[in-house]
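The two complexes that follow have chain A in common; it is paired with chain B in the first and with chain C in the second.
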Partner chain A sequence: MWATLVSAIAFGVVLASIIAIAAMGFTIQFGLTNVLNLSFGSIMTVGAFAAYLGLEQGINAWYGLVVGGLTGAVVTLVLGRGVFRLYARRGAKLFEMMMVTLGLGLVIDYTVQAISRNNVYQFTVLQAAPLRFGPIIVTPTQLIVIALGAAIFLALEGLLRFSRIGKALRAMAAEPSLARSCGIRTGQVVIVTWLLSGFLCGLAGVVYIINSQSVGYTTGQDFLPLVVAAAILGGVGSPGGAAAAALLMGVVTQVVAAFGSAEYSTVAGFGILVVVLLTRPSSVLSRGSAETRLTI
Partner chain B sequence: MRIAITKQLAIAAAVGLVITGCAATGGNGAGGSGKAPLTIAGVVAITGSSSFEGQNQAGGILPAIYAIDHQGGVLGHQIVYKGVDTRADPADALPAMQQAMATTNNIVLVAGPDTASAPALVPILNQAKIPMTAVAGESVYNHNTLPYFWRLFPPDSANGTAMMLWAQRKGYTRIATVFGTDSGSQGDLPGVLASIKALHATLVANVSLTPDQPSYLSSVRQVMAAHPQVIMTESDATTAGTFFGELKQLGGLVPIIGTEATFTAPWLKAVHGALGSSFQKYYTGLITAPSKTTPAVTAYEKAVTADKSQVPSPWQSYLSNPFSITYWDGVMVVALAMVAAHSVSPAVFNSYIPKVANPGPGKTIVYTYAQGVAALKAGKQIQYFGATGLINFNQYHNSFGNQEAVGSNGGSQPVSLGTVTAKEIEAVSVSGVQ
Partner chain C sequence: MSAWSFYISTLVVYFGVDLLSGISLNLQYGYAGVINFGYIIFQAVGAYAAAVVTLGPSGGAASFQQYVFGANLPFPLPLLVAAAAGAVLAAVVGAFSMRRMRRDYQAAVLLIVSLIAIQVVEADVPLFNGSNGLTGVPRPLLWLPLSLQGYQWAYAAWVLALGGAVYLLVRWLSHSPWGRALRAMRDQEDAATALGLNITAMRMQVFIIGGAIAGLSGGLLVEYIGAWSPDAWGYAETFVIFTAIFVGGVGNYRGVLLGVLLVPIIFLELPRFLPQIGYPGLTDSLEWIVIGLLWMLCLLLRPRGLLPERRFLARPEPTRDSA
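Let's look at the complex of A and B:
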């Protein structure tokens, strides 16, 4: 029983690393722009397919992380500055913008579906013997995924705490009008936010398919609920909170799958979100109010 | 919640638009006979995680329509195909079917419905007097009494029993089951579980997989801890690729016996990619036994090849796809029934379906639509011997034959490993399912 628990926690950390990368990207963007971007999952899919196409062209799968990240960054920037800003200037509020992102996400999904001919494609990287640490069995790929998640978390925290752009980003997330009056170039900060969020989005798509070993047009959208849940659970705009929430959700789902039934593992993960929203709803609800201004 | 509801509404609207668009543009063009075209509605999942259903169907039906239309159609009517997307969900299937019935004239056949939408759609279709060649394997239809329901696919319980009989033949007694929680995958599970019990094997783990999760590590460990000799499985391609990839990576791979639904191009491709060279060694699928080379098989292959630009890619995968071949036969039988009845009215030709398919004294065996039409015109009674082999509807409108254990090298061409006969399957007393 003890061995099963330890093993499940380890598996939970692997899962959490995948969720956390996406959730950190999602929460940064939502925290600053106030756009609940439901096309996030679709952009993950685009990033994943970019890495797949790179692999087909002989680009190493690990370089595919960069390919996917850059693709996600470019697509997100184009959508953010080219589409979302257009709607925001025409008076779209939080809910309307959410519908716009949802519609765009569907357009992207069905475009990918048409181009990919509705097929599932294999994305196989490192196939190596598993490593054993007592009751814990993990593969080298999973260890790399955990290390990647941790590295991105530390890099992001460092960026936000110690860099000039990071401080500007935090200031804008807290109070955009005050930040603007303090001389912060808000337009540039928003661009950086779209790029950073998009890069993490594309990167998360590639990490996802490295672990799941396949990519299809629903890849990102299937994953989106977990990402949104972790971002909301961790407190909107807080990468650290998103990472902690991802860890909690990852461990809970794996422990429930190990001791209970796998059908209830996802239910348990979202159950945490429901409980937190019941006990601490203020931070999320204030963010979602109709009066919230979009910063695009 | 607000987000979720809004998203569902938007998805439903978008899917409706997409399906309507596909329906408006997806049919074969009708010929210039002056008679209104007849519609075959394909009622399966066309999008979503079970979208392989739609591919399997298109791979069999479009060539059948091609072959029939190139013979002048049915009684002068050309045939068109209309996709009705169930998304493997009754909530999507019901409005989609209602819309199709309200906006489409001359539906002479519903190819489907699939397992997930059958409970909602079968009664409606039967009431509307539309013949259906259902893909639903549930045991509830083993003793069907609805006149417009026909099933050429083996019931799920038969496939499950065949899997267990094959496992027994291989000496496996410790069985783990790994099935997706989607309704399509769950259909075969009761038959497998009941057969394990009936044949006195031991079920060491019964694992369910929620589709499309990023990882199934705890489920993998659960299976490994049970030390099974074999895993019996069905899930969608993505889920299977992830699960078996993780199983292999953690060193827990054992022989895999898959249901008929696993022997489809997406599943084979996904799991072959995850297992690499181990795939051929570990995988066996139990499928409807392919017919030996007959003129019916040749006609099917010829039509698929001729219509390869219309079927979903890769077109070669349908040459041996048991689902596609069965759909082909369903269309051929119904087309010949219309010719035999001299009517395209379902209320008239429905009763002719077994008359043109089942064996009987003095009947002329035909293998193709053209042969059937010629024989009927000559005043003969016919027995259509299909590309799947003998078709023989019982009193419950069910017809199924032997099951074949097949391997694969990752492609869709089955490599025969042995046969489990219908007689062997029927001899197993599986309580509660059959």
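Let's look at the complex of A and C:
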């Protein structure tokens, strides 16, 4: 009983680390640009496939993480400056922009499907004997995933709190026009946001397939519900909140899978979001006519 | 020409079903501003409900397919069950998603519901036979003295008749005072609240009516094709209908007719006649890419569609003696 619970929690932390990396990227992007980017999962898939192709070429798995992250960053920047800005200039509002991102996700997903011939590919790296800590059995890979999640969380918090660009980023997320009149180069901050969130997105895609050991065109889209739910649950624009929400959802998902039914574990994770929507709706309240504007 | 007759009648059935979907989404999005990115689960639940109440009692895990609550209801009761199932699911989902929240959050939550629903149905086999789905759903009224072709056309006419009836009913509803209240809510939520309209209740009404229509469309579809599985209701299916109303015209029922005629028929059916290119399945991927691009192009060039919503201008009532 206790052993099952403890090991379920350990698995939950592993899952949470992956959700957290993606959700932190998502929440930074959403908090600053106000684009609810539903093609985020598709870009995760692209990053994951880039790492897969890299490994096929014989590069080291660690570089695979970098390749996935950079691919995500570049793709996100190109889409942000190229596609999203085009629509914003034509007067697209928040939910129109969200629809654009959905159509874009569809295009990316099925392009990947066409190129990957609708196959699921094995992605096996970092194979090593599992380690045993009391009742918990983890593979070194899972430990690395947890360490990576924690390291990225700390690095991101440090960046946002102490660096100049991080402060500019937070100022702009709070009030873009005020930030601009204080002399912050808002255009540059937006570019940094696309790059940073895209990097986290691609990285999360690679970490996800390192853990699941396979990659297919639905990889990112299957994972998207947990990411968006964690970002909304944690309060948009707050990486700390996203990480905490990811931890909660990861642990609940795995505990339900261990004790209840595996089929409903994702539903349980989503159930937390529903409970929050019902009990604390102030976090997602509409602001009526004074709607938030896109800053891209 | 029997193959052609068969094909055309099939297209007519699909057109009727898609028309119902278009009407439902246009009521929700075009009139009330509710972005239902989970539309397809309401059609799916209608299809599953209609299937299990026509298939007869389930044989349990031993038989080749298992499902909950088997029954053997006569036509047209399964359609009523389908519509009711859509409405009930809409009430449940609406209970947490139709509250006052930002519209983009709302849409994201509905999309998540749609993505998770499919995971659950695939994983929970005893519910609706998992990813293999239900097959062998009998067609209704097969005892009618009709040839195969006659039956095809009779079914197509029946679907069209139902589609037409719902079309007229929903158009009438949309032009009623209730429909005007919906548009007020869509355009100026604060002002509508200030006028005393109950926003949450109105959203719930729209969501449940739309859910019932979606369930009905699912029931009609499953009674025609005889099978239903998670492959038939991927999240992307919702966006075919959304693309149709974007192309045709948001908030305009004639636009919905046009869009439903153009998008699912031209972009999903016509490619069947093109020569197969590449490996099997490539054409399917390309179809979805075209749908996605079309969707983005519409949002860029004609966000209100080919036949946009007509503006209602406040003008004085014409005096009776001048008429």
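Simple rule for what comes next: the second predicted complex is superposed on the first by the 291 of 296 C-alpha atoms of A that agree within 3 Å, B and C clash if a C-alpha of one lies under 4 Å from a C-alpha of the other, contacts with A are read in each partner's own complex, and residues count from 1 in each chain.
Rule of thumb we're sticking to: a residue touches a chain if its C-beta (ideal position, glycine included) is under 8 Å from a C-beta of that chain, and two chains touch if they have at least 3 such contacts.
Just so you know, these numbers come straight off a predicted model, no measurement behind them.
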Practice problem: With everything superposed onto chain A, say whether chain B and chain C fit together or clash. | Solution: clash
Practice problem: Pick one for A:37: touches chain B only (first), chain C only (second), both, or neither. | Solution: neither
Quiz item: First (chain B), second (chain C), both or neither: which does A:139 touch?
Solution: first
Practice problem: For A:114, select first, second, both or neither according to whether it touches chain B, chain C, the two together, or no partner. | Solution: second
Self-check item: Partner chain in contact with A:86 - chain B first, chain C second, else both or neither
Solution: second
Quiz item: Is A:94 touching the first partner chain B, the second partner chain C, both, or neither of them?
Solution: second
Practice problem: Considering only the touch criterion stated at the top, classify A:193 as touching first (chain B), second (chain C), both, or neither. | Solution: neither
Practice problem: Could you tell me if A:130 is touching chain B, chain C, both of them or neither one (first, second, both, neither)? | Solution: first
Self-check item: Contacts of A:14 with chain B and chain C, given as first, second, both or neither
Solution: first
Quiz item: After superposition on the shared chain, which partner residues are touched by A:222: those of chain B (first), chain C (second), both, or neither?
Solution: both
Exercise. Name the stretch of chain B, from among 73-81, 145-153, 163-171 or 181-189, that runs into chain C once the two structures are superposed.
Key: 181-189
Quiz prompt | Overlap of the chain B and chain C footprints on chain A, listed as residue numbers | solution = 36, 38, 95, 98-99, 102-103, 106, 110, 113, 117-118, 222, 228, 261-263, 266
Quiz item: Can you list the residues on chain A that touch chain C in the complex?
Solution: 36, 38, 83, 86-87, 90, 92, 94-96, 98-100, 102-107, 109-111, 113-114, 117-118, 221-222, 224-225, 228-229, 232, 261-264, 266-267, 270, 273-274, 277-278, 281, 284-289, 292
Self-check item: chain A - residues contacting chain B, complex
Solution: 4, 7-8, 11, 14-15, 18-19, 36, 38, 95, 98-99, 102-103, 106, 110, 113, 117-124, 127, 129-130, 137, 139, 141, 208, 211-214, 216, 218-219, 222-223, 226, 228, 254-255, 257-258, 261-263, 265-266
Quiz item: Can you list the chain B residues touching chain A in their complex?
Solution: 3, 6-7, 10-11, 14, 18, 47-49, 51, 55, 181, 207-219, 221-222, 225, 237-238, 241-242, 245, 248-251, 266, 269-270, 272-274, 276, 312-313
Quiz prompt | In the complex, chain C residues that touch chain A | solution = 35, 37, 96-97, 99-105, 107-109, 111-113, 115-116, 119-120, 123-124, 188-191, 235-236, 239, 242, 279, 281-282, 285-286, 288-289, 291-293, 295-296, 299-300, 303
